[in-house]
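So, here come the structures, one by one.
Same chain, two partners: chain A is paired with chain B first, then with chain C.
Moving on to the complex of A and B:
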């Protein structure tokens, strides 16, 4: 595998919770600039996989390499600074803050102002704050939330909250964006808008790793797909290949009696 | 008479508010009642008293130095006594907090001895006699310093990057970490600010009552805690409001009932609030996550 072309690789990554093998030596690689789908039945270990990538959990075994750097043992904020961002399956916005503030928080690790700078309002801090605000407004426009910046996050409609989460993740300037069931609970119209948004993010140069249950969405936009079942990778390939795989059909539909 | 008591109450209440802020900020971020907060208040008062009496440092400068040293103490306590227990059950950290409080109090008793020290007032005994009430110079200073600090805190929380990081951390630590926020740093900053405020309160009360002693933090510590619960623990405007209300209620109780009921009034208020509105005056009912 060409190292320059690869952004993320996991090598025999396992995660045990007591006796439960949530993930069992999963090998995966993701190329720069691709849209990669991760699917599997409920409880297959998809979200655990995300939690390992973002440093929330530490792998019990195996290695995670991001941009040719081993990231095992790094704290979540350090991994964010390296360029991985995520959204959540159940939306986790800062509900009591405004839309703009939510995105500004995402910008946090990008700005350099320290404690004293922000207390004393040094010129550098002021201009940096202004730049951050401009950038956040651009991001909000990018996801289609311009005009909502002063509303409280919890007052947004469901689909808008999803898009705000994406904007907030993009504010950390990731190279790899992890989306955890972004289409959950969306109507077909909203799902179409979301697909369009994901394409636009990819076209900006980001790599996208997507967990999704909406098969139409994930098979429609992913270039490659991996399937997890009971913590193991049971299949990998283009959407067409995966859809025909016997083991995948068995995992989703059960065996013939 | 009434307006005079009101002013006295607000002066006392603003010092409670400063203490309550320390409790409420720490609780907001790590859901811990920092019982060592009263000792930080005491430590601050001692530092300022020693600077003023032995080194003849001007009062305002002593206040600043006391705030700075006390914030270091607060950060150290967090690092040694609470951080190792971050993932432990909450009760463990609470017991550690009580231990830190007892340790610091006894350390002060050991070093300074049990008797109270005189804190000479740097202020003239000037009293401004207005139509409806009188206020002494030192009371005026206490009010000004307290409100200045609280305004500054409000600005910090609402307008600065650190403030945003603190609010984000209070709402959801995991998500905040994913936004690139160093949670440990935010927690340290919270202890730093809270301790500085507690120390400011201790210094001002020390000079107001002209007395500093190792056990002086006990009662105000509890009162500050009551004020924080009264306003809704974890809620910053709530702590300010709770402190002022408690100060006024206590002064009124002392004036119109009996001065011996001073503390009883404070704790009776706590009980009533807990029965009628357990989340505090400005607190929100939060349902426990299932």
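Moving on to the complex of A and C:
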């Protein structure tokens, strides 16, 4: 396979919690610029897989290669700086901060002001702050949250909080964006808006890895899909191929009697 | 004009404002529960006192040295312990406070149990006011910057903060380093005001007193710390007759504040940033509708 075209590859990645094999030898590769869906029944190991990619967990075995660089052993903040950003399944915003400040935090790696810069309020710090705020406003407009920038994050509606999480992740300027069930709890209208937003993010040049239970969304939007069940990858391919796969049907619906 | 008694109360209030504001940076803004803040005050008081007495440094240089030494200990304490969270960190800070007290109590250079005596009286009203202004100005600037946002993000959600590219350990060490610096400054002002310091002046109860000021004013509210520190310095003076009950008063105040107004007098957040649950694991206090 062409290495230049590949942004992320996992090689026999496993994660054990004691005797439980949460993930078992998962091989996966994701191409630059594609929308990749990761599905599977509850407890299949999808979020664990995300946590391995972002460094929140360390793999028990295997390798994770991002942009031709082994990222196993790196801390989450280092991985974010390299260009992987995520949203969380159970929304994890900085609730007491304003919407704009939440996105500003996402800009952390893109900005440099340190302790002395902020105490002395150096010209560099001031102009950087201004630049960052402008950028954040653009991002908020991009996800459709302009006009809400001074509200506290906790006061946003559910769907807005999901979009704020995406804006915050985008602020880190990721090349690979991991979305963990972004449509959970959304109504059909919100889900449609989300689909549109995901397309627009992809068109900006980002690669998207998506965990989702909403089959209409994930099958409609993904170019390729992988299916996890009990920590193992049981199928991979285009949405059409995966939907026909016997093992997938079995995992979701059980065996015929 | 102000009588010397009033000046003394104002100076003490000022020192306590510095202590409360610096503790607020660590506990209120960064969310790291510290119940050993007096240790940094103690280190600053002794370091600056010794710089004046033994090395003959001028007052302002001594003050700065005291703050710097305290800051170094803040970083030193920070590095190995900041992987700890909540209760565990609180216990370590408590232990640190006791260790500092006992070490100073048993050292010759510090005067041991006799205390450190014969310091010149250098701390005056103007110095304290200037120090308070510098403290508040520096803390405000930090808090409104990229660094401050990172600190607050750690308090709000450490996992998410890390996921956004924040090196949480580094920023927690910064919080402790800066907090300890100003606590050391407060200690230096303290020692050069009373001219005599004893290890027991900086015991666990002083740490709790400082925490009370922060909680009363509002966790995560700098002006709250000013109000809390001034109130808790002035009120006991008004109630001199019942001074024996002061510590009882602090305990009761903490409990009442947590129960009635966990966000503090000037705070805005209803849950007091979860500090309430860090202190009291009593489910009966959870709000209605909470799981």
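The working rule: the second predicted complex is superposed on the first by the 257 of 257 C-alpha atoms of A that agree within 3 Å, B and C clash if a C-alpha of one lies under 4 Å from a C-alpha of the other, contacts with A are read in each partner's own complex, and residues count from 1 in each chain.
Keep in mind that, in the parts below, a residue touches a chain if its C-beta (ideal position, glycine included) is under 8 Å from a C-beta of that chain, and two chains touch if they have at least 3 such contacts.
Note that this is a predicted model, so its numbers are computed, not measured.
Student: Based on the shared chain A superposition, would you classify chain B and chain C as clashing or fitting together?
Tutor: Here the two partners, once superposed via chain A, clash with each other.
Student: Looking at A:157 after the superposition, I want to know if it touches chain B, chain C, both of them or none. Which is it: first, second, both, neither?
Tutor: In the superposed model, A:157 contacts neither chain B nor chain C.
Student: Per the contact definition in the header, classify A:92: touching chain B only (first), chain C only (second), both, or neither.
Tutor: both
Student: Should A:131 be classified as contacting the first partner (chain B), the second (chain C), both, or neither?
Tutor: A:131: touches no partner chain.
Student: Give one of first, second, both or neither to describe whether A:215 is in contact with chain B, with chain C, with both, or with none.
Tutor: Touch partners of A:215: none, neither chain B nor chain C.
Student: Which of the two partners, first being chain B and second being chain C, lies in contact with A:141: first, second, both, or neither?
Tutor: Once the two structures are laid over each other on A, A:141 reaches no partner at all.
Student: Could you pull out which residues of chain A sit against chain B in one structure and against chain C in the other?
Tutor: 54, 56, 75-77, 80-81, 85-86, 88, 92, 94-97, 101, 104-106, 108-109, 111, 113, 115, 118-119, 129, 168, 171-172
Student: Can you list the residues on chain A that touch chain C in the complex?
Tutor: 54, 56, 75-77, 80-81, 85-86, 88, 92-97, 101, 104-106, 108-109, 111, 113-115, 117-119, 121, 125, 128-129, 132, 168-169, 171-172
Student: Considering only the defined contacts, which chain A positions touch chain B in the complex?
Tutor: 54, 56, 75-77, 80-81, 85-86, 88, 92, 94-97, 101, 104-106, 108-111, 113, 115, 118-119, 129, 168, 171-172
Student: Taking the complex as given, what residues does chain C use to touch chain A?
Tutor: Of all residues in chain C, those touching chain A are 138, 141-142, 144-150, 152-153, 156-157, 159-168, 174, 178, 220, 269, 273.
Student: Along chain B, where are the residues that touch chain A in the complex?
Tutor: Per the stated touch rule, the residues are 156, 160-162, 164-165, 167-168, 171-172, 174-183, 189.
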